[in-house]
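Okay, so subunit A shows up in both of these, paired with subunit B first and subunit C after.
Moving on, here comes the complex of A and B:
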């Protein structure tokens, strides 16, 4: 029975990380209709920035996480201002090509500074908690608690503040938002900043139980795309639920079937769910 | 109040607006008549700052609007209620109305007062306040759209085809409400295909065809004009 609960913890851990990354991706898609392929690179830069702050500058884990979130938020805003904003009247394919360009650029940039080696990032939460035989590493608990706190805070921000309401308004009707005087540029920059910060926090949470390397965003972003397609493009609850579905499927599939197939499970589920519900699970736009 | 001089709008090689010059004075209710594709919505979008004119000058109360951000234009008192309503469908009616007050978001007391005025104008919205705007009937959605525009405290309210797709009884009520909004002090520029009903409440009208203004006159002149009657009223 303990092994079963162990998989629940693993599923929650993976689902939390996938959910956070997918949340940033779906926010940008819901508002600007840009499939930001560079989001995985922002996640990777987030991990490297935390690594830089902790290892090279000797900063505490929490401060490193905050610094990394701030840097990647600014990087997200720069992507929007310098790349996506000038392309806003271009055909949609231009955004996609530009996003791939940013992805390649950021990976090359990180390789230039840190090389392509795998690096280990430590965290102060190295202990293991034992609940009557159920073993939970502290970092995994931190990931789960951190993700739930962030999702709650994001929901509060979107639902209870006027600034958050402008993001929801833009997602529901771009033209309606213009008509009431919402500044589209401001909302776009804010969305990219939130999206970047979420990616950096997810990467900093996950890096201590994984490794830090320039290609670390590839598989995560592919799964994040699976999640937002599953959950419904632009849907916030869809991103969270989709993240959990993929996280649990991987944890249980990896344990009860084979770890060799765990990455393929996400894509198998995508095919299965889309053949039953082609519009995704929560396809109503961001709300 | 609003003055356009020789305004052109181009979409690629297509000229949607051609040499438009018009005036709307404070307190007026001016109707813009024209068939589908005549350029009425393009004209509204140019005034709202959603499309940038390729030539000409747009001025509101002596201030040039060319190149000004759409959000700044709303703040200055020029508000558009667009064709197709453009509501936030999953937000409640009340949330939609409050989003209309976005540019005045710091004036909470003023917004509450304004909300009461809007709900007096459309009492049914009070009963529907908690329902998602997307679940309302077409007529009620149009009320939310006009109500939301009124929450922005317009000095010039531009209404683009508010009667489109509504039942005849609802259309009559809608025009009565528009007349009431104007009589309460808001200048109105109304784009309509429902020419007879629109002219009945208007002070003046312009007729638009293929991106050009082809005729202008006061209510009596337009209602009596043979060409207008044949083309737009069908009598």
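Moving on, here comes the complex of A and C:
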């Protein structure tokens, strides 16, 4: 029975990280219709920033996380201002090419400054809780709790504040939003900032139980794209549900069937869900 | 008309440039390298290249070597193949055509096999840094295998583990080609010697973000020994997670991972009590090894691994062979490397390789290391 609960914990941990990364991706897509392939690179820069703050400057874990979130948020805004904004009237393919360009640029930049070494970043939460054989490292619990808190905070921000409402309005109807006088530039920058901050926080939560290296973004960005297609492009609940579905499929499929097949299980689910709901699980809700 | 004139001028300038270039290259031999310099395996590629760079710098700092009475320097031409065999093949073709290299260093088995398809025809030496036995068993006349083959390790590790830790084995390992070949040999050897494989779950380091699920699957089989391996750092994560989940047994570590590097990620040697692996260079007691480590540290600011040391000595041997034979012909060099290894300065030979087998393998004494009471201890192979 313990093994079963162990897989639930594993699924929740993975699902939380995937969900957080997918959330940033889906926000940008839902509001600006940009498939931001560079999102994985932002995630990677987030991990390196936290590493820099913690290891080189000796800052505390939480402060490092906040600093990293701020830096990557600014980086996200810069991407929007310098790259995507000037391309707003171009055909959609230009956005995609630009996003891949940013991805390559950021990876090369990080490799130039930090080299390609695998790095370890340890958080203050290294303890391991043992509930009668069920093993939960503290950091994993922190990931799950952190993800749920962030999702809740984001929901509150979007639903209960005026600024958040402008983002939702843009997602629902661009023309409508313009008609009531919403500043599209402000919303675009805000969206990129939130998306970047989410990526940085996800990376900082996950880095202590993993490695930090320039190619670390590839793994999560692939999954994040699957998740937002599964959940419905642009849907916030879709990103979270999708993240959990993929996380649990990997944990349970990997344990009870075989880790070699866990991707097949996840992609099989994708095919199944898309054949029943081609628009994704939650597409209608957000748009 | 004007345009045509300009074009003609440009062509003329370009040809002149090329011929001038060729003139400048007279006292220089180019050596090729293709390996992963970006992506997930970038660190491994960089480490390999660092050993080659160090050797080239040492040779050039001493004024190069003598080739038919002319002082000649070495220039390394390195290309990124992102670990892809197809890209490695393209790179090698390019290195041969553009730089006319007599030898290409490749640090991965996929790339080596790809190059072996045409290296005899295109006439260049494959300097293979990989322990897969079939690299030299194929009978390719222009291949030199730098590290020892791993079949010796498989036998030695298995014998030691079965004698000291128990007879049930959980297979971790990894899913890349090299790890698969290793795993197959380990399984055969383990069951052949009367052991039992109780779980089989290799980790996919390129697709998995987390190993908890895979590791818990192996631990559920309750093995005495767990086989793990791949690049050192992810292997360290696997070991750490296995210990976190309460695995008390021993680890048998594939030779790609180095115990000292693994320990840094796993959380110290205490986490690795009872691990069997190859002897990390940092544990070698010989003067030559120590001198190499010292120079490497001064140059790069970190402790070298075996990939740096082996490639360092291989380039030195290659140049020594060119110096001795006054030739850059791959066939001639290939024949002279064994003697070069014997005659070259001992400080250039951290592993004290002194012979080459008929099929082109460098002969190194294989030893194994065990973590005992929090220390890396060298054990003789019986």
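One rule holds in what follows: the second predicted complex is superposed on the first by the 281 of 287 C-alpha atoms of A that agree within 3 Å, B and C clash if a C-alpha of one lies under 4 Å from a C-alpha of the other, contacts with A are read in each partner's own complex, and residues count from 1 in each chain.
Note that a contact is a pair of C-beta atoms (placed from the backbone, for glycine too) under 8 Å apart; a residue touches a chain by one contact, two chains touch by 3 or more.
Because the structure is a prediction, the values reported are computed rather than measured.
A.B. asks: Overlaying the two complexes on subunit A, which is it for subunit B and subunit C: clash or fit?
C.D. replies: fit
A.B. asks: Name the contact category of A:13: first (subunit B only), second (subunit C only), both, or neither.
C.D. replies: Touch partner of A:13: subunit C, not subunit B.
A.B. asks: Taking the superposition as given, does A:116 touch the first partner, subunit B, the second, subunit C, both, or neither?
C.D. replies: The answer is second: A:116 touches subunit C but not subunit B.
A.B. asks: In this superposed model, does subunit C or subunit B come into contact with more residues of subunit A?
C.D. replies: Counted on subunit A, the partner with more touching residues turns out to be C.
A.B. asks: Once the structures are superposed on A, label A:179 by its partner contacts, choosing first (subunit B), second (subunit C), both or neither.
C.D. replies: A:179 sits against subunit B, while subunit C stays out of touch.
A.B. asks: Please indicate which partner A:138 is in contact with in the superposed arrangement: first for subunit B, second for subunit C, both, or neither.
C.D. replies: A:138 contacts neither subunit B nor subunit C.
A.B. asks: Rounding to a multiple of 10°, what is the angle at subunit A's Cα centre between the Cα centres of subunit B and subunit C in the superposition?
C.D. replies: 140
A.B. asks: Considering only the touch criterion stated at the top, classify A:162 as touching first (subunit B), second (subunit C), both, or neither.
C.D. replies: It touches subunit B, and subunit C stays clear.
A.B. asks: Have a look at where A:254 lands relative to subunit B and subunit C in the superposition and call it first, second, both or neither.
C.D. replies: The second partner, subunit C, only.
A.B. asks: Once superposed, minimum distance in angstrom between C-alpha atoms of subunit B and those of subunit C?
C.D. replies: 34
A.B. asks: Mind pulling up the subunit A residues that touch subunit B in the complex?
C.D. replies: Result: residues 162, 165-166, 168-169, 172-173, 175-176, 178-184, 284-285, 287 of subunit A touch subunit B.
A.B. asks: Which bits of subunit C are touching subunit A when the two form their complex?
C.D. replies: Against subunit A, subunit C makes touches at 37-40, 42-43, 45-46, 175, 201-204, 206-210, 212-214, 216-217, 220, 231-234, 237, 244-246, 264-265.
A.B. asks: For the complex, give me every residue of subunit A touching subunit C.
C.D. replies: Where subunit A meets subunit C, its residues are 3, 6-7, 10, 13-14, 17, 107-108, 111, 115-118, 120, 128, 133, 135, 137, 206, 209-211, 213-215, 218-220, 223, 250-251, 254-255, 258-260, 262-263.
A.B. asks: Within the complex, which stretch of subunit B touches subunit A?
C.D. replies: Residues in contact with subunit A: 48, 50, 69-71, 73-75, 79-82, 86-91, 95, 99-100, 102-103, 105, 148-149, 152.
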